[in-house]
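The first chain written gets the first letter, and so on, giving A, B, C and D; residue counts start at 1 in each chain.
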Amino acid sequence: MTVGIEYYVLLSMLLFCIGLFGILTRRNALMFLMSVELMVNAANINLIAFAFYHGNLTGQVLALFVMALAAAEVAIGLGIILVLYRNFRDVDVTVPTTMRW
Amino acid sequence: MAVVELPEWAALAPVLILAGTALALFVFDSINPRSTNRTVLAGTAAIGSLVALGVAVWFTVAGVGASGLEGFGAIELFDGQLVVDQMALYFMIIVAVVTALVSVASYDYMEGHTYQAEYYSLVMLAATGMATMAAANSLVTILIALELASLPSYALVAILKDNRGSIEAGLKYFLIGALSSAIFVYGISLVYGATGYLQLDAIATQLETGAADGEFAYGGLLGLGILMLIGGFAFKTASVPFHFWAPEAYEGAPAPIAAFLSSASKAAGFVIAFRVFTTAFPLDATSALIGVDWTLAFVILAIVTMTVGNFAAATQQNVKRMLAYSSIGHAGYALIGLAGLGAGSELVMGAAMMHLLVYGFMNTGAFLFVALAEHWGVGRTFEDYNGLGQRAPVACFALVIFMFSLAGIPPLGGFWSKYFLFTGAIEAGLLVVAAALIVNSALSLYYYSRLVKAVWFEEPPAARDSLGQPTGLYAAIVFAAVMTVVLLPGFGPVVETALDAAAAMIA
Amino acid sequence: MEGVFDFAPAIAVFPLVAFVIALAFGKHLPKKGAIPGILATGGSLLLSALMLVAVSSGEVYHETLYEWAAGDATSATGVEGIAFTFGILIDPLAALMLVIVSLVAFLVHVFSLGYMNAEGETGLPRYYAGLGLFTFSMLAFVYADNLLMAFMFFELVGLCSFLLIGFWFRTKSAPSAAKKAFLVTRFGDYFFLIGVVAIAATFGTLQFAGDESFVAAAQTAIDDGGTLFGFDAQTWVTITGLLVLGGVLGKSAQFPLHTWLPDAMEGPTTVSALIHAATMVAAGVYLVARMFGYYALSPTTLAIIAFVGGFTALFAATMGVVKDDIKQVLAYSTISQYGYMMLGLGVGGYVAGVFHLMNHAFFKALLFLGAGSVIVLMHHEQDMWKMGGLKDKAPVTYYTFLAGALALAGIIPFSGFWSKDEILYDAFIVGLEEPVIMAAYAMGLAAVFFTGFYTFRMVFLTFHGEPRSEAAEDPHPVGWSIKAPLIVLGVLAVVAGAANLAPVYKLTGLELTFLESWLDGEYGAIEGLTYGAYGELLAYETGVVGTEQLTVMIAAGLSLLLAFSGAGVAWKLYNVPEPVVYRDRLGRVGDVIEANYYQDEYQVWLAEGVTLPLARAADRFDQTAIDGAVDGVSTASLFGSDRLKRIQTGIVTNYAALLVTGFIVLLLVLGYAGGWFL
Amino acid sequence: MNDWIAIGALALVGLLIPLGMMAVSYLLRPSVPETSKRATYESGEVPTGGTRIRFNIQYYMVALLFLVFDIETVLLFPWAVVYLDAVESDAVSLFEILAPMVAFVVILLIGLAWAWRNGAVEWAQTTRQVDAEGNRS
C-alpha cells in the first residue's frame, strides 16, 4: 500500500510548525537552533517524498545538500553561541538587547 | 571575438578567482597562522577582487553572455545549474567592486585585530557566494550559493569577539538568517513538489505546460512555495518583514562588513530574486495556476519596505543605524524592479539594476565614512559627528556626495537611478508605488541632510585633535565618491547594459 | 544678392557685441561705449538695408538655426512631436521693420553723444550697454521665426526697458516708473505666455510661416470644423489669439494696460525715443502684424483689437490735451497713435497699420529727439509753461520738430496724414457694414481733433510766444550730434508718406502704392504672409458711400477738417505772446482728465484694495493651513518614525514572531487576492 | 471501517498504558526526601561536583569539526553511486568525473589543514590559548 503524497506533506508541515513553535517560544539559543533544524528537516521530508513521487533523484540529492548546509549552519551557530556565552554569561537569546529602536 | 577560444567553464572566471583568493588566504593562514601582515592579506584580497572585477568587465565588454550578433549567448554550465549572462556579469561587477572597496578599507579598520587572515578569507568566501548567486540558475545552486554567502557573513558580523555589540549583531543576524533559510528551503521543497524540477527553466516549462493543459493540481503548494521563496529573498535583501536583523547587524558589525552586507549582499539577493521570478515563474502561467499575480506581493513589499525603512531612519540618533534603516528603504526602492514586472517592460527592472550599482558605490562609501569615524574614535551619534568637516574636508565632502546621492538629488548617480525607477513605476502603472517612492525620498532627504548639517554646519562639541588620514579608508571613500559622481556621465553605457540585461531576462 | 542672408544673424549680434563691450570695457573707452554702439547699430542698419534690397529682388529667408529642445508630445491637432527652435524669418515685413529699428537705434545712439555724453552723465557704460541689449533684443524679436522665440525676446525687450527707464536709479521716481513698466507689461505677458503654451499644445508648432506654421494649422482646424479642448476650433483660435493679445496690450500700452507708459518718461529722453518709436511699444503692434494671419481667422479678435485701438486713440488723446510736461504730451500721443495702428490692423488694414507703424517710428523718434533737444536747450526743464520763443534761437530744432508735429497731427502732405488717413478710411469702409467698427472709427476720428490740438498746443507753447523763463531766454547750445539725427528724421517725416499714397491711387489711378505692393509680395514674399493672403482670410464686408472716390474724399476730408480745426483752436489759444492756462475752464472734466481718468488710482485700488487683501488672505492661509499641514505632516512623520522604530524591540524572539506574523499577513493577503481559501 | 482507525486505536492504547502505570505508581509510592538521594551518582565514589559541569571547549571544537566533515562525506555518496557508470560510459571522460570530486576533497583538505594549524584539533591548550582564555574573563 502506497501512502498518498498528501500525508507526507501533512507530516512535514506539522514538523515545520513544531519547529516554528519552538522558535517562537524557546529562549535558549540551542533550542532555537534545534527548532530551526526541525524546520529544515521538514523540508527534507518533503524533498525526499516528492523525489519518490516524481520519480527523479533531484530532490534526494538536494536533501543531502540541505543536510550538509544545515550542519555548516549549526557549526557557525554554535560558534556564535559560544562567544555569546562568553560575552553575556548566558545563552538566552532575549538577553542581548543593547541595540534596539 | 576572443583570440583564444576559452573553455565554457572559463565564463565563471570571476567566481573562480574570488574562490581561489579565499583558498589562497586560507593556505597562507595555514602556513603562517595568526599572521598579522595586513599588507599581504588585504592586498591579496583587494587584488583578487580587482582581478575578478576586471575579468567581469572584460567579459561584459567582449559580449560574453550577451545575446544578439556580437555576443556569445547566455552560457549554461552543468546542465543549466549555472548560467553566465549579462545580468550575472553585471552583478558580479557590483559584488567585486564592493569587495575590493571593503578589502582596501579594512586594511586600516581592522588594524590590531587578531584574526586578520580569517577575516579576509571569510570576506572572499562570502563574495564568492554572492558572485555565484549572480550565476545560479537552479534552486539547488541558489540555495548553496545563498548559504555560502550567508554563513561567512554571520561569522564576519560577529568577528569582533570581545565586542558585545558585534556578538549581539551576529547572533541576531544568525538566528533570523537560520529561520529565513529554513523557510526558504521549505519553499524550495514545495516548489519542487509542485513541479518536480529545481532547474529554473525546467520549472518554467513545467508551469507553462501545466497552465496550458489545465492538469496542474498543486496550485496551492506552488503558491505557498513561491511565497516562502520570496521570504528567503526578502531576508537576503533586508526587506520587510524579514528585515529585523538588518538594523542590529549593520550597527553592530564592523563598519566595512556593514558596507559589504548592505551593498553586495543586498545586490546578490536581488539578482536571484530577479532571476528566479523572471525565469522560473512566467507571470501569465504562474498567475493562471496560483490565481494571483506574484507581482502583487512585491508591490506590497516594496511600499511597506521603503516606508518602514525611511520612517524608522528619520529619528535615529546613531549614524550607522540610520544608514542601516536607509539601506532597508533602498531595498524597497529596488523591489519596484520586481513589482513593475507585470507591465512586461524591461525599463523598471533595468532601473532597479542601475539603482543597485549606484547604491553599491554610494552606500558602501557612506558606511566606509562611518568606518573612518570609528577609526578616528569620534563616537557614533549625529552629535559626535558635529564639525568633522573642518578637520577632514575631503572625506566630509565625499560624505555630502554620498548623502545627496542616496537622497536622490540631481545630478548625482542616485538621482538618475531613482528617476528611472520612478518612470518605470509610472510606466508599469504602479502609481501608488511611484507616489510612495516620492514621499519616502522626500522624507529621506530630511535625515540625510541632517548628517550633512552635522558634519559641516554644527560646531564641534569640544576641541578635537587633528584626525589621521588612513590611506586605505581614504582611498576607498574617495574612489566611491568619484564613482558616484562619474556614473552620471558614464550612465549611458550603464543604462544600456542594465536594460540589455533586463531585456534578456524578460524576453 | 545670393548669400546675403548668411549675414542675417549678424544684424542682431552686432548690438549684442556692443553690449558686451560697453559693459566690460565701457569705462576705459573714450566715449564710454558710444562708439561701439554706433558702429554696431550702423552695421546693423547697413545689413538691414542689404536685406531690404535682397527682399526687393524677390528673395526671402526662412531658416531654423538651432533647435534647443524637442519633445514627443502629441498636440491636440494630432501633430507628433514639437521642437523649440531659434530661427530667422526675413520677409518684406521683417525686412522693413529691421531697417526702421536699426535706423532709429543708430540715430538714438548718435543723438546720445550730444544728449548724454556732452551733458556729463555718469554711468554711461551701463546706458550704452542697455541700449545695445535693447537693440539686440528688438532686432532678434523682429526676425524671430516662431512665437516662442518672439516671446523670449519680447521679454528681453521688457527687461531692457526696465533697465533703461530706471537708468537714474538714484532718483525716487525713476525706479518706481521702471518697476511699474516692468510689472504692467509683465501682467500682459502672463497672458501671452499662456497663449504661447496654448498654441503650442494645440497645434504642435510655433512657426510663423510655412506649411508647418500654427497659422496654417489653425486654418486647417477651422476648415475641418473640429473641436479643440472642448471648444469650437474658431472659438479656440479666438481664445488663444486674445491671450497673446494680452502681451500686445501691455507692450503697446493699449487700454487698460497703458498706465506704465507716461511714467516711463522718467528715463532719459533718448530711451523714450527708442522705446516709443521703434522698440518696446512697437513690439506689440509688430507682433499683431507678424501673426496677422492668425488674427485674420478670428473676426471677434479683430473686432476687439479695432475697438480697443479706437478707444485708446481717443482716450489717450484727450489726456494729452491737459499735460504741461512736453514729454508727457508725447507719451500720450504715443499711446494714441498706437491705438490707431491697432485700429488699422483690427479692421483688416494690414498695410495701413504697418504704414502707420513705419511713419510713426520716424516722426515719433523725431519728436522725442526734438524734445530731447529742447530739454538740452532749456537746461533740463520740461515744463512747457516755462518755455516759449525758442523758434528763433534753435531753428533746426524748431523746423524739424514742426515737421514731426505736422506729421503727428496728420496734416497733408506730411507722412502721418497718409497713413492715418488710410487707417481711418479702412475703418470707415468696414464700419459702414459693422456697427462696432463704426463706433471704433468714430472714436478714431474724434481723436484726430484732439491730436491736432495737443500737438500744436505743444508746438506753440514751446517755440512761439515770448520766453517765459531765464533758461528760455538763454538756451544752451546744441551740437551736431543732436542736429544731424533731427534733420535725417525730419526729412523722413516729411517724405515717408510717399511710400503709399493710397488716396492718390484711388482718386487718380496712379500706381503710387509701393508699400502695399511690397507687403503684398510683389517683390517677393513668403507664401501666406502677404496682404493678399490675409485679405482672403478676412471675413469683413466693406461698403462705400456712393463711389469709391467719394468715400475716399469724405474720409480724408473729414479727418483733415478735424485735424485743421484742432490745430486751429490751438493756434487761437496758444499762438499768442503770453498764453494763459485754460485748464480751469474745463472744470470737473478737466480734473478727471488731468488725473488720467483715475486709471492709476483704480489700478492702485485694484492692487491695494483687492489684490493685497487677497494676497494677505492667501498668505495667512499659507502660513496657517498649508504650513500647518506641512508642519503637521513632518511632526506626524517624525512621531510615526518614533513609533515605528519601536517595533525593533531588540529581542530576537519578538523579531521572529513579527517576521512570522508579517509572512502570514502576506500569505493571507495574497491568498485572499488569489482565492486560495475559497 | 478505515484501516487507520485500528492504527490510531493502537497508538492510543500504547500511550495510555505507560502513562497510566506512571500515574498509579506516583499515587501509591511513599515520598521520603533525603539529601543523599539527590547526590550525583559516580559509581559509588564520593561525588566531586554537580551534574551541571561545563565541558572543555575542545569538545565542541572537535564535535563541530567531526560534524562538518562527517556530513561532507555524505556528499561523496551520490558521486560514488554514479562513478562506475560514468567511467564505463563514453559520454563522460575520466577527468570530467574525477576532477570535481578531487577539487572538492582538496578544498576540504585545505580547510582541515587550516583547522589543524590553528589548533582546533589539539586536545591540550597551547600557552597562547590559555592566555587568550585568561584575557576573556
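What we mean here is this: contacts are C-beta pairs under 8 Å (C-beta built on N, C-alpha and C of every residue); 3 or more make two chains touch, one makes a residue touch a chain.
Every value quoted in this text rests on a predicted model; they were computed, and no experiment measured them.
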Worksheet item: So with chain C out of the way, what's still stuck together?
Response: one piece
Worksheet entry | Contacts common to chain C and chain D (chain labels) | A, B
Item to complete: Skim through the chains and flag the pair connected by the most C-beta pairs in contact.
Response: A-B
Worksheet item: Taking each chain's centre as its mean C-alpha position, how far apart are chain B and chain D in Å?
Response: 36
Worksheet entry | Mean-CA-position distance for chain D and chain A (Å) | 15
Worksheet item: Per the centroid of Cα atoms for each chain, what is the distance between chain A and chain C, given in Å?
Response: 84
Fill in: Averaged-CA centre spacing for the pair chain C and chain B, given as whole angstrom
62
Response to the item:
For chain A, residue numbers touching 2 or more other chains are 23, 61, 65, 72, 79, 86, 93, 96-100
Worksheet item: Which parts of chain D, given as residue numbers and ranges, touch two or more other chains?
Response: 136
Worksheet item: Can you list the residues of chain C that touch 2 or more other chains?
Response: 645, 648, 650, 652, 656
Practice prompt. So, with touch as defined above, which chain pairs make the list?
Written response: A-B, A-C, A-D, B-C, B-D
Practice prompt. Using the touch definition up top, name the residues of chain B that touch chain A in the complex.
Written response: 139-140, 143-144, 147, 151, 154-155, 158, 161-162, 164-165, 167-172, 174-175, 178-179, 181-183, 185-186, 188-190, 192-193, 196-198, 221, 247-248, 251-252, 321
Discussion item. Which residues of chain A touch chain B once you look at their complex with the stated criterion?
Written reply: 5, 9, 12, 16, 19, 23, 29, 32-33, 36, 39-40, 42-44, 46-47, 49-50, 53-54, 56, 58-59, 61-62, 65-66, 69, 72-73, 76-77, 79-81, 83-84, 86-88, 93, 96-100
Item to complete: Using the touch definition up top, name the residues of chain C that touch chain A in the complex.
Response: 645-646, 648-653, 656-657, 660
Fill in: Partner chain D, residues of chain B touching it in the complex
23, 26-27, 29-31, 33-34, 162
Response to the item:
Listed in rising order, chain A residues that touch chain D in their complex are 57, 61, 64-65, 67-68, 71-72, 74-75, 78-79, 82, 86
